[in-house]
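Each of the next two complexes has subunit A plus one more chain, namely subunit B in the first and subunit C in the second.
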Partner chain A sequence: MKVAKRTFDAVIVGAGGAGLRAALQLSEAGMKTAVLTKVFPTRSHTVAAQGGVAASLGNSTEDNWHWHMYDTVKGSDWLGDQDAIEFMVKKANEVVVELEHYGMPFDRTDNGKIYQRPFGGHSQNYGQTPVSRSCAAADRTGHAMLHALYQRNVRANTQFFVEWMAMDLIRNADGDVLGVTAMEMETGEVSIFHAKATIFATGGAGRIYYSSTNAFINTGDGVGMAARAGIPLEDMEFWQFHPTGVAGAGVLITEGVRGEGGILRNASGERFMERYAPNLKDLASRDVVSRAMTTEINEGRGCGSAKDHVLLDITHLSPETINKRLPGIREISIQFAGVDPIKALIPVVPTCHYQMGGIPTNYKGQVVVPKDGNSNVPIVGFYAAGECACASVHGANRLGTNSLLDLLVFGKAAGETVVSDFQSGQLKLQPLPEDAADVSLARIARLETQTGGEDVHEVRLEMQRVMQKHAGVFRFADVMKEGVTKIMEVAERAKRTQIKDKSKVWNTARTEALELDNLIEVAKATMVSAEARKESRGAHVRDDAIDCAETPNGRDDVNWLKHTLWYSQGNRLDYKPVNLQPMSADVEPIALAKRTY
Partner chain B sequence: MTLNRGRVRWQCRRALLELDLVFARFLERHFDHLTDDQLADLDDLLIVEDHDLWAMINGSQPVTNDRWKEMVDLLRAG
Partner chain C sequence: MSSKRTVQFKIYRYDPDKDDKPYMQDISVELEESDKKLLDALVRLKAKDDTLSFRRSCREGVCGSDAMNINGKNGLACLTSMDEIAQPVVLRPLPGLPVIRDVIVDMTQFFKQYHSIKPYLVNNDPAPERERLQSPEDREELNGLYECILCACCSTSCPSFWWNPDKFVGPAGLLAAYRFLADTRDQATSERLDNLEDPYRLFRCHSIMNCVDVCPKNLNPTKAIGKIKDMMVRRAV
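So, the complex of A and B:
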């Protein structure tokens, strides 16, 4: 079947922070650039980022990139690649100052510099004292960033294809990437976007979990597309859980609530964090608090009729403090938990927040795969940046404010690499295979003709329940093993989804069915990778991993200091070494140590 | 011009989970019963930036356009 074809120098999928930053690099270099996005660019999930962007500007307290690098490596539980981390922290000041020049309204100090505030995990002098490293624009940092980048792209003539759903990666016989197929939602027609370079910046897939802070658009489209096209996914067992999502809804209650004196209580009203973290109590790090909450629930001390959550208590704070210091919390609590936190306790559960793994890349933003004995061979024409990619800078656990930094640095880096390869003539428009659109057309045709199939919402819900129960905060060998069987069963059901509405124009049911195809790849990758990793590291915490001198916190560097690679084809696993060598001679490798705060 | 309901429905997908949850409930209970005029009001409201839209729905910011009031009330009511 003949499909329309559009040709560009580069096609970028996703118009959040990473996609817009990459697009800017290309368009300003004069490349003909298309950006495909499901939703209007400034409605990308980057908008939800509040905390800020990390950079060792040293405007508020003394700081330097060496300290930032140490914090990031330690935060990653040594699973982050030290070359990529060095690259990111060294580039931080540059990308933040650039944004300032693009008109981003950062908060200011009295003398006009970018104001910086402290954030968990960031320190001075290699873990000694907290540092002010986060640059923010009030509580709308992500929003302000997206607007600044979008305006700049409009000026640079980036061509946006808004409300287009990318469907499948196009590869030739050598495995080179030649573009993507995409469906225009308005018409339901599939087109080919043929390009010399393809950049994925599609964000995370937090919707694989039942309880997630992520917006509904976060369906891991690029990650799923890459997996279906034979590209392995890296370190997908590592997901960051935020301790305080509203039970049943997922909406985030900011860490600031505990900073202002909020207390977590179990069914008997006990302040249980005193038992788990006697010094820091409710202010302990995200993973410590999440595990403590999960233990309380697992051991029957949860609240509510299902005993499936704990309670966050701020009733001892004055209404003035709540209204003034914690704006928005009262509204969220009333709307989604049905309780006024001035009078009653907020039901909360640890909630999926951020995907550390993703499409494997190097620090230049090139997608890399194992080939002929080399673990990191770039795929010609394919690049990725932001939450969908795994550079890997976050390793097993991400520090707050490093995600906005990640998308700026690696969005720009991917853009610079593409521009450089384009200008040197290395990137060529390669002939499309005859069958370039066949896979996508077959997916659409199947949805049109499927009978006796499965309901999309039911399959998605079952996937989310399996992931929540079997690959949650605290992981047990037998539960994960059972989870692998269950998620493979759900994946079989996902192959037979059926939609009632067969119309072509603005068929949102069809879009949701296509999204589920992506989500399920991510769910399988997560479940299988998690079951296989026989240690605790960062966000992956097993009940049976022993904390002793050889395996601190259950971390087994002898056997498991390596990146997971999951292949959809054959549902198989491979591994590759962690790069413990920094990029330059400017810094010594950060030596392995027990991660304690 | 008649608006396409599917397009308006898709544009209820937002950047913030808070709004997704409010709109999910709204789509289930109210969307199919909207008149063409109400649909046009909703379409107009959907242009508002997400943080401002959420602030209007949760009442921390006033609804700045009379045309949006009915839809905001429906979104609030659940």
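So, the complex of A and C:
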């Protein structure tokens, strides 16, 4: 098959928040940039974010970035790198104000400033009282943000390749990244996108789980591509289970509901979070709330005939507040739970929501890997930002509203790094290897000719069931061990997927088969990394980790205060230190402590 | 709660790689109890026959991917309840746009019109250090406008758009145009009105209101178009 070749200064894969924010930097600097996206940009999953974006603007309550930094480090259970966290919280006001200037329709305070609401784990004065830090556009913040970013890119004449699916990363013998191969979905043609710089902004892979708030498109494409190309994945055992997915449907109900005063209740109507987090109660961080809910359900205090969920109560809020601040939630509750939250309680369960780990990067957005004894050596020509990347600012547990902040700050940072490397002449168009497209063409050819193979839908479902059962909210040594065996079996089956659809035109069966290759890498990384981490930290909680003075909440800082690195090649694990040192010499590190809310 | 049930479908099928012309396929599928929405049923159908092609992503009505013509009316598959739907469920691509495959249409013309209204905020004052101020009342003017998900249900249900997709901006594009006209931070009012001052671009709207009828987000493009027309009249006198 003949393969067309296109050449750019830079190629960005993904047009959600991070990709669009990076693209803006490149377009405005006059770089010849291609943005590849498998869906029209405004259909990217950033659109589904609801509650807000964090910034210590202090518009309603006193606030500053030091408090935000403390909350984020504590939220991460000290697994976040403090240099990257300092960088992010300090940039927050700038990137949020920029968005407002781009036209984002934030809600307003009475004096005309950006409206801010409280959110889980965000506090004043180092954990004392909830703070209004989440900048919101009703409960449609992601939608308003994604559209504003797309619109700004229309103004900047950014060149999009819409409904193109990136397939594989192209590296040369030195390991430098030279671009990607991609398939145009309308024609099925494969092209090479040859570039001086490649930025991945491909989002997360929440679809490895059976029950997920994530969109169908969240198949970890960039993460899978990186893993197959020999790049390790960082901290993949850490997945966030959002406390409030609609029971049965998985659709997200924002934490902003609790920020506006919503309360979680068990079967007897008790506000049970008071027992688990006496200080922040329903606004404790997500891992804490999800575990509390699961405990309530496991101990028989769940609601409904199967006692398999709890209830979210906002009936005490005025209909005006609900219609003004939470209109989208009201729609979702009526549509997917059959409940009008003005009058009745919403059935909710913890649901897979966010991938804390990903492609290892530094705070400049450069992808970094261990080499010659240094754990963070940048790969020439390769950058990543947003949920697919691990900077690492979220560590073992992300705070709500820090994901939209992450994609703005690091999308922009990756863009700035690329622009600066480009302008200084550091970035070169390196010769393509002869076989640059061979791997991709072989994957397509296999799907064309596979016989006696496995059904894509069945294999994906089996993967999702394994992950749900073996790597959930609470984790058990023997269950995880069995999970590793099972996911490896599923991965073997995924190598032999077969599709009936042989059309070149908009072949979604083929797209789903290619996506499954990416999902499987993420599932393996998650299962293997989780089984190996012999402690509880953030979202990773094992039954055999003991809560005592040496290991508070089961967290073992002596042996496990380190980042996991998983390599697909050889299914191998490595580790690297956590950076406990902030970026600036005059900023005090946040000292290790037991995490309570 | 309904348990397992079989649902009959009639689906527009066309694969240019093998079909000479489109045809309607009769197909049925047994739904599980958890299959509440039309999109769930389509996913179930696709598990049986992977050649069935449709766009989908968020499955909660915010991304705008899975718009199609459902029993004669445009809507989102993910927000269409299987409990209330008449059988056989007749699914066709959105009307008026070229079909690529099955219910997947070529949306180039739709987005071209959206882009033609310059869908971005214009403010040429030097950017202040902090946010530009806007009163809650002024911000409320944007409600019912900014929530559009660009699914194209409205424009592809509009006879004026069917006749003149290259000349008439259509309800989605005009809703976006008014979203910026209504924004107190935007300074391009007269350029925006000039851009629409034309026998076709705005004035082909005859208030048929199909757009309002089908909008899955309950928005009202006709009302927005009326407001643009008011602004045109007011600046003429």
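Here, the second predicted complex is superposed on the first by the 496 of 597 C-alpha atoms of A that agree within 3 Å, B and C clash if a C-alpha of one lies under 4 Å from a C-alpha of the other, contacts with A are read in each partner's own complex, and residues count from 1 in each chain.
The rule we apply is simple: a residue touches a chain if its C-beta (ideal position, glycine included) is under 8 Å from a C-beta of that chain, and two chains touch if they have at least 3 such contacts.
Owing to the predicted nature of the structure, the values given are computational and were not obtained by experimental measurement.
A.B. asks: Could you classify subunit B and subunit C on subunit A, in the superposed arrangement, as clash or fit?
C.D. replies: They clash: once the shared chain is superposed, the two partners overlap in space.
A.B. asks: Once chain A of both complexes is superposed, is A:Ile217 in touch with subunit B (first), subunit C (second), both, or neither?
C.D. replies: A:Ile217 sits against subunit B and subunit C alike.
A.B. asks: Tell me which partner A:Arg43 touches in the superposition: subunit B (first), subunit C (second), both or neither.
C.D. replies: In the superposed model, A:Arg43 contacts both subunit B and subunit C.
A.B. asks: In this superposition, which partner touches a larger number of subunit A residues, subunit B or subunit C?
C.D. replies: After superposing on chain A, more of subunit A is contacted by C.
A.B. asks: After superposition on the shared chain, which partner residues are touched by A:Ala249: those of subunit B (first), subunit C (second), both, or neither?
C.D. replies: Both partners, subunit B and subunit C.
A.B. asks: Which partner does A:Phe336 reach: the first (subunit B), the second (subunit C), both, or neither?
C.D. replies: Touch status of A:Phe336: both partners.
A.B. asks: Go through the superposed model and pick first if A:Glu416 touches only subunit B, second if only subunit C, both, or neither.
C.D. replies: neither
A.B. asks: Out of 110-118, 128-136 or 146-154, where does subunit C collide with subunit B after the chain A superposition?
C.D. replies: Stretch 146-154 of subunit C has C-alpha atoms clashing with subunit B.
A.B. asks: Under the contact definition given at the top, report the residues of subunit A touching subunit B in one complex and subunit C in the other.
C.D. replies: Residues common to the subunit A contacts of subunit C and of subunit B are 39, 42-45, 47-48, 140, 143, 186, 215-217, 249, 251-252, 328, 331-332, 335-336, 503, 505-508, listed in rising order.
A.B. asks: Would you mind writing out the residues of subunit C in touch with subunit A in their complex?
C.D. replies: 15-18, 34, 36, 46-47, 49-51, 53-65, 79, 100-102, 104, 107, 111, 115, 118-121, 123, 127, 129-136, 138-139, 142, 146-147, 149-150, 180, 183, 185-186
A.B. asks: Using the touch definition up top, name the residues of subunit A that touch subunit B in the complex.
C.D. replies: Those in contact with subunit B are residues 38-39, 42-48, 140, 143, 163, 185-186, 212-217, 249-252, 327-328, 331-332, 334-336, 503, 505-508, 511.
A.B. asks: Mind pulling up the subunit B residues that touch subunit A in the complex?
C.D. replies: My answer: residues 4-7, 9-11, 13-22, 24, 49-51, 58-60.
A.B. asks: For the complex, which residues does subunit A have touching subunit C?
C.D. replies: Contacts found on subunit A: 39-40, 42-45, 47-48, 57, 97, 100-103, 105-114, 137, 140, 143-144, 147-148, 151-152, 154-155, 186, 215-217, 248-249, 251-252, 328, 331-332, 335-336, 456-457, 499-501, 503-509, 512.
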